[in-house]
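Two complexes are shown next, each including chain A; its partner changes from chain B in the first to chain C in the second.
Our next item is the complex of A and B:
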């Protein structure tokens, strides 16, 4: 159902189409004189949205986000029904009828409500307070702030200003970020590859010797060892990872690995080795280039 | 009568002259100071050439003579503190609370004169004498409220100053050694602002007509010039702490005060704060009106405060629209200054607070739209537009869903495994800036649509080109929305520096719908038939709670973003120059910080209630008169 590369748009389209179907059905029912009253409408909207977020949206979203989304839906349903006096009065009517027990049926509903609601609230309170053995919710920062500078194999790099020395064109001139797209579809394994492509090729060799076991041969974080870890290795083909970062950030991450993460990045939850112990700084810069070339993303710059 | 008029005229000219002189003098000081200090430095350099040490500016990279001491290297024992129970034992908690209250009141007293100036000018330009007086009285009432707040601001400013001197003596000594001339100018400007404010207020009833009234309106402009410059000077202290300039890497002053003032974040912060103050001030006045509306006993009273709440809301939301763009510029400059700082804010340690910010901003847009929907109810003929509410709400909700989805998800390890990585393949893409830009522009445009519908609610369009006008509006909004969404998607496929630039066509699209859309709408309303007057006072009670929500969200947002801006320095008093070695130089947990913000927000609202109550004691008579006139029905739209 979910098409790779279009998933976020798909979700928004599903929500849009569902909304228009709902409005259309409601309109037709109104035309034939069988309009759904506001109170059940509100419940229907709420449940319909819950169904989409819970069962249509896969993989499942974390519970914290689910609460946030449903909180938003609750608010919006309230705004919708109370944006006109007519809607608000109509919405309140069954509630007031129940509280005042205007008919025997409402009286029955009131009795049930007055028994069930305190019980539900009591259970909710109990459930909230009872000690649990679930894993705690973790706020792991995916992209923690880098230090101002790092020392890798005896050389100090200021991350704000450092440049990848291998980001050069065929003539050896520095290739500004954004200009490398002409190389994206070219073959770095061509015998006459020079400059940028040559270093991409070298970076690729280093990647396949060292990194692809975890990060995968498509750089999507699904290498052969990937699922031995939780979280699995970073997916470079996702626009939310290296595409959002400066080249020097990625250089820092490769050099220092998991143990070099600040505390908010959960250094204990990363199996990434500090590659400065195995690769030279030149090799790290070249791997860096390969990752961007393969994914066709551009590193972040602020010029 | 003529003699009185002449006297008023002469008095007006004298007042205006005095104020202008004060303004020119205070503005001239920086121009004198910088060269004088530079001259002194050059002279010193010439006379004792071998002894003058030159050093490089850490930001501008220019050379300058070392003219000050290095930033002190403090020990934990250099921070005198009170032996109070935790958390009051931390000096920074005391400073935090006092600075927050000072900033709240400072913002309010800077914002209210802006509104007074605008409302007074609107009153002057309004041809209808009854409406003109109504606007004038409203502006007068607002300035009266702000007078007490002005005193509270000054008292809190004094308290803050003493707190710095006593709790952070070395820090304050260092900062004041750098900003010495600026602090004196600040004090002079404060004097000038106070003088102008009192002239403005006490001259109100004397300068009521003709030339004198225009002079009075000009004084309103001057008051705002003083206030804005005053705020900019204070901003330079905060922005210097974040992005120092004009000093070398040891923190030594290099003889150029302009370099210190004109640091990387000064101007973005200035713009953001001026706009933010206006939003905040409008919110507070709207809350005041809502409170008075709910407490009103007669329809007349309700009508007046309903109208006042609408005007305040209109001004707050009018200012809110450019605020995200100013914030975007500020963050761009933060990233440009230090990648580390930008990531700490939006991707790292403080990123979750940005999600709370997103929720509060969403609350602002929802509150505004909800208020307008409810506002339609007081106009007969609005029913034909109410059917669009569900579409507006849907678009706003979808945009908000994207807007609040975090990049860093909070989850259990089992949930992390189920997702198959840290990035969710569907909603994970909503967490980055490209999506957020699309979302916020959509929310702004839906709010503009709500407002245009509100303007039309009690009118029947009669212009011959009605169909063309509607088609133009539809086409403009469709093109702007599609362009906005397309650019948001396209942003994923291009370099970040180009992506940042995409925000410009997005903003242009949004502002086009605002200005051109409003212009077309107003032109279409010409000669329109009224289906009935706006029945001021007949708005729902729920709408007034929306105004409260608007105001409280603003105050919470200010507390939140103030904390974020300050704590991004982490363990530095002055970023990378002057280290914070106090025992409490760590970042608080998100929970603690959120509680502190809420305590500050509650304390502020208690203070505000007190100020309103004081204002009440003196303004009962004036309000009663104004209320009688306000009960007169009027047309819908921004001009009324």
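Our next item is the complex of A and C:
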């Protein structure tokens, strides 16, 4: 399954696949006696990695990190070619041939590269000295440590022990985490919806009157207002958000919103209001449950 | 031996069977493909676009999806009255009448299955309907469409052979966009097509502001400068094909008629090319289908006086920057339906003064009435049950625009900022607000927690509106202020080359916008771009000379080495 928005997997997958394809093609070429010489190969690897980092991976890699990555790639390529005397000589040969201009062709190459190189250096120096103002990179903690307890509309909740009072089956008995999946495909608007399913309907109604504007009709953080925000609102359908969190953590986040985040969570970067201003604790619990029902994730438990 | 032989025969039979089966399968596939191809062609028969009757299995599967994903807005009976509906405008589609806007079929006709499928796939930009592509599979989207067609369209029947016709439009031969075609298109827009009557002289949808849709809800003509908000743009805003289609079919349920009988296909292509030419060309962010946001706003250095008219060549030289705006829906009174969804900005400074040029589309110029001001205190936000926000009438407030900075950004450790909605108790903001009655004021903001907006005019009032104009559905305003003032505690002080956090606001007075009920952006950064330093020109020059020198040295060395090699 393709996991939308799950970048680390995507990154590793792309790099692994490219590496394997590269090794495979190289092996085949060697088999038919058309091995790519070391020099073009080194250039190819360097440009190939640059291309992937720059144009394939999203979101774009910040330039400071790009320098580090490409520095590492250069180092590894040099380590590889200089690991054997033979490889090193082979690598050096085309460079020396060009510098010595051993044939008319090499002389042509030398003339062209000796004109182009200084111009490139000139452009690089200019580019380096012109002040640039890209968006600064600001890395925040996405799931900061929750407080031990939280007071919402006058009631104190201890996050380790608090339970969602609406997580109940048809008979009103507490529905342990992991047992609710039988409701995932059921119709919350059916006239005989009771317990869990009925509260999902109520929670969904609250969601679609208050939250979908930002978090989206599919809870993927792409609501109709999402394009105005930076970062875009949380994507609950991503396995990295509510699927990784306890129900009470989510209860804390809804109740206290952006202003309730600790400093490392960058409260100023969040447009989320403290929903206790608009919703009762009952409504917050219900909308909380709806989010799990809709995305079909189980909340994490404390044990 | 016998056994081996029979085994061999068996194998052969299997091989023959498999080959025969493959042939039959391939034949069927080819035949079906030929048939589908035939169907895709717009045929003369008025039934060519009629959806096939979906299977019961598909309808059942579609129902399950509908009650998980769609019911929240479209309602359990598909009447467009789900729990979310009352806070939306445009309202979710009421399926019962079979009235669908985006189609390939004639005016007033039911849509083809593919039309509904594409609407579900790409969503309706500018409304709450998201693209379901990548969320529901192709099959699931077909299933949910099957359920809608059979169970929720109640007053008409797709299978009614006698009364329901499907005239599929013919795209003809597309006329490529060119200066000539755009010119002809403009002529059709202004004269023969009479598009101007509703869409306005500049196409900003300000021609006829009092129209209603089939259900009696107010509806505005499209603002043709925002092609990313065209409902039928299929996430491909600059494609004139979508405009051609809508001009040809009309939008059922709205005042937009079909022009198929009025305009020739070539004229419709011309008008489509003209409409697309009105929309600013920007890089589109594939995730939001809106212009990609650049979160750093550049203020350009100019020498001498900053021109006071946005038509001055200096202002025209700078590119307008797109700022997407959301409704302020986090503190009461909330703005669920914001009518100003974007503002375009430019900025310039000359060392003494800084200027901001704002541009935004608003179909109705509004200036507050005394009655509105009197009602301000008793303003209630939530639509009461059964009273949709879409049909609400508001007292007339001022249109407005504002820009906000942390009052003392120098004292904040980056990336810390005040709360973006008018600041907070700890960190104040300096907000400059222009209103359509001519008021320009700087305010000090201490936030809106608990709905209690703390916004007071500052002592120094140095902000000036040097230009403001409403014309053809667009406001243009230029605000200026000296870069540094005497009141370092309450007034933002500008410095070159620093990231200064910035938020943008807009108000649409006839939408009841005032105070907290506003359109709002998130935090941006403003940079006063310093002029390019001289060293940026000298260093490269030196570097090139050095590089050439080094090369000369290398060549000399190489030449010296050559004879030895021989």
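Criterion: the second predicted complex is superposed on the first by the 192 of 303 C-alpha atoms of A that agree within 3 Å, B and C clash if a C-alpha of one lies under 4 Å from a C-alpha of the other, contacts with A are read in each partner's own complex, and residues count from 1 in each chain.
Keep this in mind: contacts are C-beta pairs under 8 Å (C-beta built on N, C-alpha and C of every residue); 3 or more make two chains touch, one makes a residue touch a chain.
Keep in mind the model is a prediction, meaning the values are calculated, not measured.
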Using the superposition on chain A described above, determine whether A:19 touches chain B (first), chain C (second), both, or neither. first
Return first, second, both or neither, reflecting whether A:246 touches chain B, chain C, both chains, or no partner chain. first
Pick one for A:185: touches chain B only (first), chain C only (second), both, or neither. second
Does the superposition put A:74 against chain B (first), chain C (second), both, or neither? neither
Give one of first, second, both or neither to describe whether A:57 is in contact with chain B, with chain C, with both, or with none. first
When the two structures are overlaid on chain A, which partner does A:100 contact: first (chain B), second (chain C), both, or neither? second
Per the contact definition in the header, classify A:119: touching chain B only (first), chain C only (second), both, or neither. second
Pick one for A:142: touches chain B only (first), chain C only (second), both, or neither. first
Just chain B (first), just chain C (second), both, or neither: which does A:294 touch? second
Check chain A for residues that touch chain B in one structure and chain C in the other, and list them. 134-136, 138, 230, 232
Of chain A, residues touching chain B in the complex: 2, 7-12, 15-16, 19, 23, 57-65, 68-69, 72-73, 75-76, 79-80, 82-85, 88, 134-148, 159-160, 177-178, 221, 230-232, 234-235, 238-241, 243-244, 246, 248-249, 262, 264-265, 298-303
In the complex with chain A, residue positions of chain C that touch it: 64, 67-69, 71-73, 76, 82-84, 86-87, 126-130, 132, 134-135, 285, 287-288, 290, 293-296, 298, 324-327, 329-332, 336, 414-420, 424, 449-451, 497, 499, 520-523, 525, 527, 529-530, 532-533, 535-537, 539-541, 543-544, 547-548, 551, 554-555, 558, 561-562, 565
Can you list the chain A residues touching chain C in their complex? 4, 99-101, 110, 114, 117-119, 121-126, 129-131, 133-136, 138, 185, 187-189, 204-205, 207-210, 212-214, 216-218, 220, 222-230, 232, 237, 257-259, 263, 266-269, 271-274, 277-278, 294
Residues on chain B engaged by chain A in the complex (per definition of touch): 332, 335-336, 338-341, 343-344, 347-349, 351-352, 359, 362, 366, 369-370, 373-374, 377, 386, 389-390, 393-394, 397-398, 400-402, 404-432, 435, 489, 492, 494-498, 540, 542, 576, 590
